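To keep things clear, I will list the structure first and then write my remarks on it.
Each chain gets a letter, A, B, C and D, in the order it is written, and its residues are counted from 1.
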Amino acid sequence: MNHPDVREELHRLHLELPRNGLVTWTSGNISARVDGGLLIKPSGVTFEALTPEGMVHTDLDARVLNSDLSPSSDTATHAYIYRELPQVGGIVHTHSPYATAWAATGQDIPCVLTAMADEFGGPVPCGGFALIGGEQIGAEVVRVLRGHRSPAIILQSHGVFTIGRTPAAALKAAVMVEDVARTVALAFQLAAATGTPVLPIAPADIDQLYDRYTNVYGQRPAPATPNAEVRP
Amino acid sequence: MNHPDVREELHRLHLELPRNGLVTWTSGNISARVDGGLLIKPSGVTFEALTPEGMVHTDLDARVLNSDLSPSSDTATHAYIYRELPQVGGIVHTHSPYATAWAATGQDIPCVLTAMADEFGGPVPCGGFALIGGEQIGAEVVRVLRGHRSPAIILQSHGVFTIGRTPAAALKAAVMVEDVARTVALAFQLAAATGTPVLPIAPADIDQLYDRYTNVYGQRPAPATPNAEVRP
Amino acid sequence: MNHPDVREELHRLHLELPRNGLVTWTSGNISARVDGGLLIKPSGVTFEALTPEGMVHTDLDARVLNSDLSPSSDTATHAYIYRELPQVGGIVHTHSPYATAWAATGQDIPCVLTAMADEFGGPVPCGGFALIGGEQIGAEVVRVLRGHRSPAIILQSHGVFTIGRTPAAALKAAVMVEDVARTVALAFQLAAATGTPVLPIAPADIDQLYDRYTNVYGQRPAPATPNAEVRP
Amino acid sequence: MNHPDVREELHRLHLELPRNGLVTWTSGNISARVDGGLLIKPSGVTFEALTPEGMVHTDLDARVLNSDLSPSSDTATHAYIYRELPQVGGIVHTHSPYATAWAATGQDIPCVLTAMADEFGGPVPCGGFALIGGEQIGAEVVRVLRGHRSPAIILQSHGVFTIGRTPAAALKAAVMVEDVARTVALAFQLAAATGTPVLPIAPADIDQLYDRYTNVYGQRPAPATPNAEVRP
């Protein structure tokens, strides 16, 4: 079995998806870049039935290398992102409910929380509609995230993709995007019900919060923001 | 004890109902077709108190065969569906909250998520009002689902029925219908609160997503969609 | 220690309150009628720290009999209900979130689900505002529930009281009232967001559903509805 | 290792944050006053990876005393509050979703539940916008809470701070503020959807509820309200 440590890590991270309420049944997947390819969840397998050995190894054209299982039907998307964004080491895809509700309306999630300024440096962008299976989704993810601070994108009528230097960083972004999607949705519902608007945060304040979080927060001097290195 | 394997499986699947937030207290039930009849949850028993042995065996007229317990009060509905739809091997009934909220408004759940196109091939249809206990509900389920891609129906003012080739497939549909009922409800609330509409998916795109999912997704070449064989 | 079996049961039922999402921190309490008095949760104790021995024994004037702990500050309410409604053997009080949200608007929860017709035989009534500590709340509970099919009442700006022949029956009603409060609230939100009204159930259908559930549902011939014997 | 008992308690209380749904990933923190300083969560560490030993000891100017880990990036806020409010022995900070949604609209959470009158003695106040890292947030917390019954404040576009005589008391306030933020938000959504207003509680009734709860509730004669001693 190749890449045993990455497989163990990928298995462990997949179990965080149901634990954090991001997935239902077999939906959602995480991949890790490995030399010349990627490892990803097999298609249509429940999270309980997943094993480190079952993770499917493909090349960056999404061709399976030595596995009895079929890879996630989103593999072409993951492969496309790894080809185009060399600093990305991990990718997460979910249909987490609040983020997907935003995606169903085709809107960016506006940056109205200091926690969003910290993590995403601004709104979480919404990409256009793209069909599943080919490279359309990957192309849309790359087009939007290449010029963006945010390590997360929501895709119209579909769900969430997040990127990071590592699979763990991409998972953190996937957890946080659902968290802020929920809080901001609740804020807009409350605003509508009470007749009091959701308040904006000034762009200069967003910049200052993002810079502080990227450079000061956490235990390591290295940039803590998953998408830091893929900024143009 | 007859059909020990089916009873074990049915017991295991029933425990997924509370685990996935689909039921409260004793509500909800799953049945499996067995030769000449069905096995189903006993009436008014909590999920913790369920046992494989306690599943009640009835014929397809809902008459109890050899059990001390009374079967679910929905048994006549299950029996009716098995009589009319020979490819159905399993049925799930719940009052899961978001799907039931849609049912209280008498509306189909519109297909505005790619995950809905995948699983249901279009909207989840809402059947009319029918009283519990006799064959009215079964007749309404069969009338609506016989000509439909969806393996799930919501019933006005009542709840959800799902069908599948197996009880596990029907359970998957019950889990997914609540998942999409929630996300689509959140999307409409968000749309109302932000003044931005929920976006439709073009019918041709829905067809393409459904075909791909039915034929490509998962590990087996066989149709993965529970309702595939009951399409007319 | 008197009434060891009732204390064990009461302890076990209290643990169902947090498990079913009905309480936060130390709020909520259950009592059981015992000869000439009642047993109830001690005041301000967390659910984890509860023990069977810690349940406080009082008479029906809420005077403590032989305990080092102070009883729930709602004890006078429980005692009043037991004095006035002799068939009641158990009482539950919670601030469960959706039921309490209805109470904050002072509205009955309308009977728009077949599950509500089953369990409550109509709407869940909302009583008026009453201060905590004395007999005002108990008087309001008795005034409303004495002539009502429902074993549950919500109290304006406050929360839920449910009654039953046993503490377990009252607990079931407390679980079900939150379940229907949530689903009906979601239905009204969805109705407002989609411009499609919540549909009523005809009174004759409510009666038929209630009669069936009370007389046919479950495993025992005895009335399954907790409030059945306290109907006038 | 200094203050082993406080470290154990602080570790135990931190685990209550995810358990009560108040935090996501590494967000949220609790501190305890110790002689001449404070103990607080290290920055950017997950709740699973926390240990009693890992809690960081700082003085009341937020300078680290003898630790390899960096303290929470909110330490300056905690230190400021301890300097200004001598009766405060514990502080909790979260971005719990419903309370933060209120904060995103810049509104106080109105006191429309008897449970709020009990715990908070009135509305939960909302402070103005302040940037993270320096003393702005601490100054805003102190300015608002010094003259207030409430042990909790929400901060515009940000989240929640709660204070108490002990860390456990501050945690209770953090749990309760999210609970009431949720129920009151649900009430306003329901009011908007049904066209029935949320009902106020008369100020005299709020006072009476607060006095009763502060002086009668619970097992000890001492004031049970965390903020009782910091009232002016």
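Convention: contacts are C-beta pairs under 8 Å (C-beta built on N, C-alpha and C of every residue); 3 or more make two chains touch, one makes a residue touch a chain.
From a predicted model like this one, the values you see are computed outputs, not experimental measurements.
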{"item": "Between subunit B and its twin subunit C, rotation from the CA superposition, multiple of 5 degrees", "value": "90"}
{"item": "Inter-chain centre distance, subunit C versus subunit D - centres from mean C-alpha coordinates, in Å", "value": "31"}
{"item": "Multi-partner residues of subunit C (at least 2 other chains)", "value": "189, 191-192"}
{"item": "Contact graph of the chains (line, ring, star, complete, other)", "value": "ring"}
{"item": "All touching chain pairs, where touch follows the definition stated at the start", "value": "A-B, A-D, B-C, C-D"}
{"item": "Contact footprint of subunit A on subunit D as seen in their complex", "value": "24-25, 27, 42-45, 69-70, 73, 95, 97-98, 100-102, 104-107, 129, 131-133, 156-159, 185, 188-189, 191-192"}
{"item": "Interfacial residue positions of subunit C with respect to subunit B in the complex", "value": "20, 112-115, 118, 172, 175-176, 179, 182-184, 186-187, 189-194, 196-199, 201, 205, 208-209, 212-213, 216-219, 224"}
